[in-house]
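Dropping a structure here in structure tokens format, bear with me for questions.
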Amino acid sequence: MILHTVNKSVFNCNTLNECLLTTARNDGVLLLEDGVYGALETAHPTEIHEVSWYVLKEDLLARGLSEGQCREGITVVDYAGFVELTEQYKSVCSWF
Amino acid sequence: MKYSIAVYGGPYSHQATHTAFHFAQAVLDKGHEIQRVFFYHDGIYNGSALVAPPQDEANLPQQWQQLAEKNGVELVVCIAAAVRRGLLDENEAKRYSKPGSNLEQGYQLSGLGQLVDAGLECDRLVSFGP
Amino acid sequence: MSDILIIFRKPPVGTSWAREALDLALVGAAFGQKVSLLFMGDGVFQLAQNQQPDAVGQKGTQAMMQALSMYDIDDIYVHNDSLDTRGMAADQLNIDCQPITSKALPGLLQQHKQVFNF
Amino acid sequence: MSDILIIFRKPPVGTSWAREALDLALVGAAFGQKVSLLFMGDGVFQLAQNQQPDAVGQKGTQAMMQALSMYDIDDIYVHNDSLDTRGMAADQLNIDCQPITSKALPGLLQQHKQVFNF
Amino acid sequence: MILHTVNKSVFNCNTLNECLLTTARNDGVLLLEDGVYGALETAHPTEIHEVSWYVLKEDLLARGLSEGQCREGITVVDYAGFVELTEQYKSVCSWF
Amino acid sequence: MKYSIAVYGGPYSHQATHTAFHFAQAVLDKGHEIQRVFFYHDGIYNGSALVAPPQDEANLPQQWQQLAEKNGVELVVCIAAAVRRGLLDENEAKRYSKPGSNLEQGYQLSGLGQLVDAGLECDRLVSFGP
């Protein structure tokens, strides 16, 4: 029950893939900052994992991305939702 | 719940500081407590008293200071990371015979143990890297 | 042979690179230099429309982008494969850009006396 | 359930991350916490033998690495796929490490109350 | 006749591959700092290009790497050799 | 030949500063001239008068200063990048009503035009990024 945050673009570096090596089935992955590009339909993390996927709304907006451009199955959360996720999950692990 | 926040990115270079600040506000808005914000690596530059951003940009050190004062949050800067990067309080300036100090009011220099302690004492420790 | 080529490879917002590279472009033009820009890799994300950087408390680069033409910076290239990979279309960008193929990239760099690369 | 896991993912020398993550490990242990380390990705390069950081004017991490056992930091894991990809052998590292498979990584993280990740 | 320098690990990010998109036949690529890992036999830039390859000796040593671990066809240079390369090539383009 | 060097990485965080410094020494050893070292982005932190590294580590701002003094090299820090990050000379400290300044002796704050100019004036401009 760990919430992983990832703030790097999957198009440029390995951070998200390294994160996904360590995730368990009950974990969550929150994409934020430049990590939100990993939510695009055109982004392909090496494996589809059984984690729950989230993406930070404010960071999508800041970059001109819409929810419609995101892969199916990703939940869009705002900062309040980010806090709620940190309540739900037992700890937070940041990948940068 | 009791939170602490770790910031590893420098202001005006990486978004990490902004993200951490918005997260901190949202944590407080939810009625949680923030015990401490710990600044490490380039995050220590957040503690500078001398930043002078353009008028239409946020003064991040002062934003932290105001948030901390209003909500009883400790702003702790890793002393080892700070001193080597040129962020000094008056004591350290004296110790190293430097002509001045530049740590913003409301921040304190302390050891990395304060980061370990935050992880132990708090229900959640959330880190923001560059 | 143009004077300066500036390559933009970092996404916007996440770091200050986009702003600082644009600053250099505008200053270079103000110094009377012929400045060309190339957006490639994640740098093409800087060309996305409808960016709202104030959502994360930042100023963004849109005003500077719009200023480019006033500084006579008109040779603006975007790497088409980088757009494709990211699902972006060359006709839906925030400024007018000339698509450039991978094959033409080496020639573009050789045409400039000085290449800055951010 | 151990207290702290620190993940090392950055190469040595190029940045201060290796040193600053090791600092945290030693301080954590000095605070009486049970600290485990995991080297993965480019972090496995921190385990290379014969590093001579003075060649580029740096202090390096070898002294701190050797100090780990004095601080009772003995649970040191290295991701075997990361080693393989980089052509490194688990029996030619600068400290004793326990190889760990990709399959076992999620379990390792779950066993720790707090994960730091550099 | 451009000398490109690359300081990022090819195992973690796309910098070297982006550089290689732009190199001409007469260009050189100098691997330095964390870029020197791109000289390893186990490193695979997406395409083999016809550029001249160099790697900075001091950065190899600092990381415990030997010349013997480098791919064939890469020339090892020290800082003095780095300067000579900047004399030979007409300009320098840094990828980071 | 005439060289200039650009440094974009902060000292004590990235190797960029070390690499740039070793390169600069090798350039001078070959009998070339260095007109200017220009500090931009986090490279501006190289100009801090307050860095206090451990005794067994180099004081990078002072190393640059000595190299510059001995060889007639200009050390120019981008003023816009510096001021927002909290690196001020006495003029800027006064302008922004800050309690002190922290620019090391031998460095000067100036505009980004000095980087453009270095590219024009010199035979080679070599950049070192983080």
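Lettered A, B, C, D, E and F in written order, each chain numbered from 1.
Assume a contact is a pair of C-beta atoms (placed from the backbone, for glycine too) under 8 Å apart; a residue touches a chain by one contact, two chains touch by 3 or more.
Computed from a predicted structure; not experimentally measured.
Within the contact network of the assembly, the step distance from chain A to chain D comes to 1. Shared contact partners of chain A and chain B, listed by label: C, D.
Annotation: A-C is the more contact-rich of the chain pairs A-C and B-D, by number of C-beta pairs in contact.
Relative to chain D, the most remote chain by averaged C-alpha coordinates is C.
Most remote from chain E, judged by the distance between CA-atom centroids, is B. Averaged C-alpha coordinates give centres for chain E and chain F that are 25 Å from one another.
Chain C has its Cα centroid 33 Å from the Cα centroid of chain B.
Taking each chain's centre as the average of its CA atoms, chain B and chain E sit 38 Å apart. Annotation for chain D: residues 13-16, 41, 56, 58, 113-114, 117 touch two or more other chains. Contact with two or more other chains is made by residues 7, 11-12, 14, 33-34, 58-59, 91, 94, 96 of chain E. Of all residues in chain B, those that touch two or more other chains are 12-13, 15, 19, 22, 41, 57, 125, 127, 129-130.
Every pair of chains meeting the touch criterion is listed here: A-B, A-C, A-D, A-E, B-C, B-D, B-F, C-E, C-F, D-E, D-F, E-F.
Within the complex formed with chain E, the residues of chain D that make contact are 11-15, 41-42, 45, 48-56, 58, 60, 85-87, 94. The part of chain F that touches chain D in the complex is made up of residues 12-15, 18-19, 21-22, 56-58, 130.
Interface residues of chain B facing chain F in the complex, by the touch rule stated above, are 10-13, 41-42, 45, 48-54, 57, 61, 83-88, 92-93, 96, 98-102. Chain contact summary for the complex, chain E toward chain A: residues 11-14. Chain C contributes residues 3-4, 16-17, 20, 23-24, 27-28, 30-31, 33, 113-114, 116-118 to its touches with chain F in the complex.
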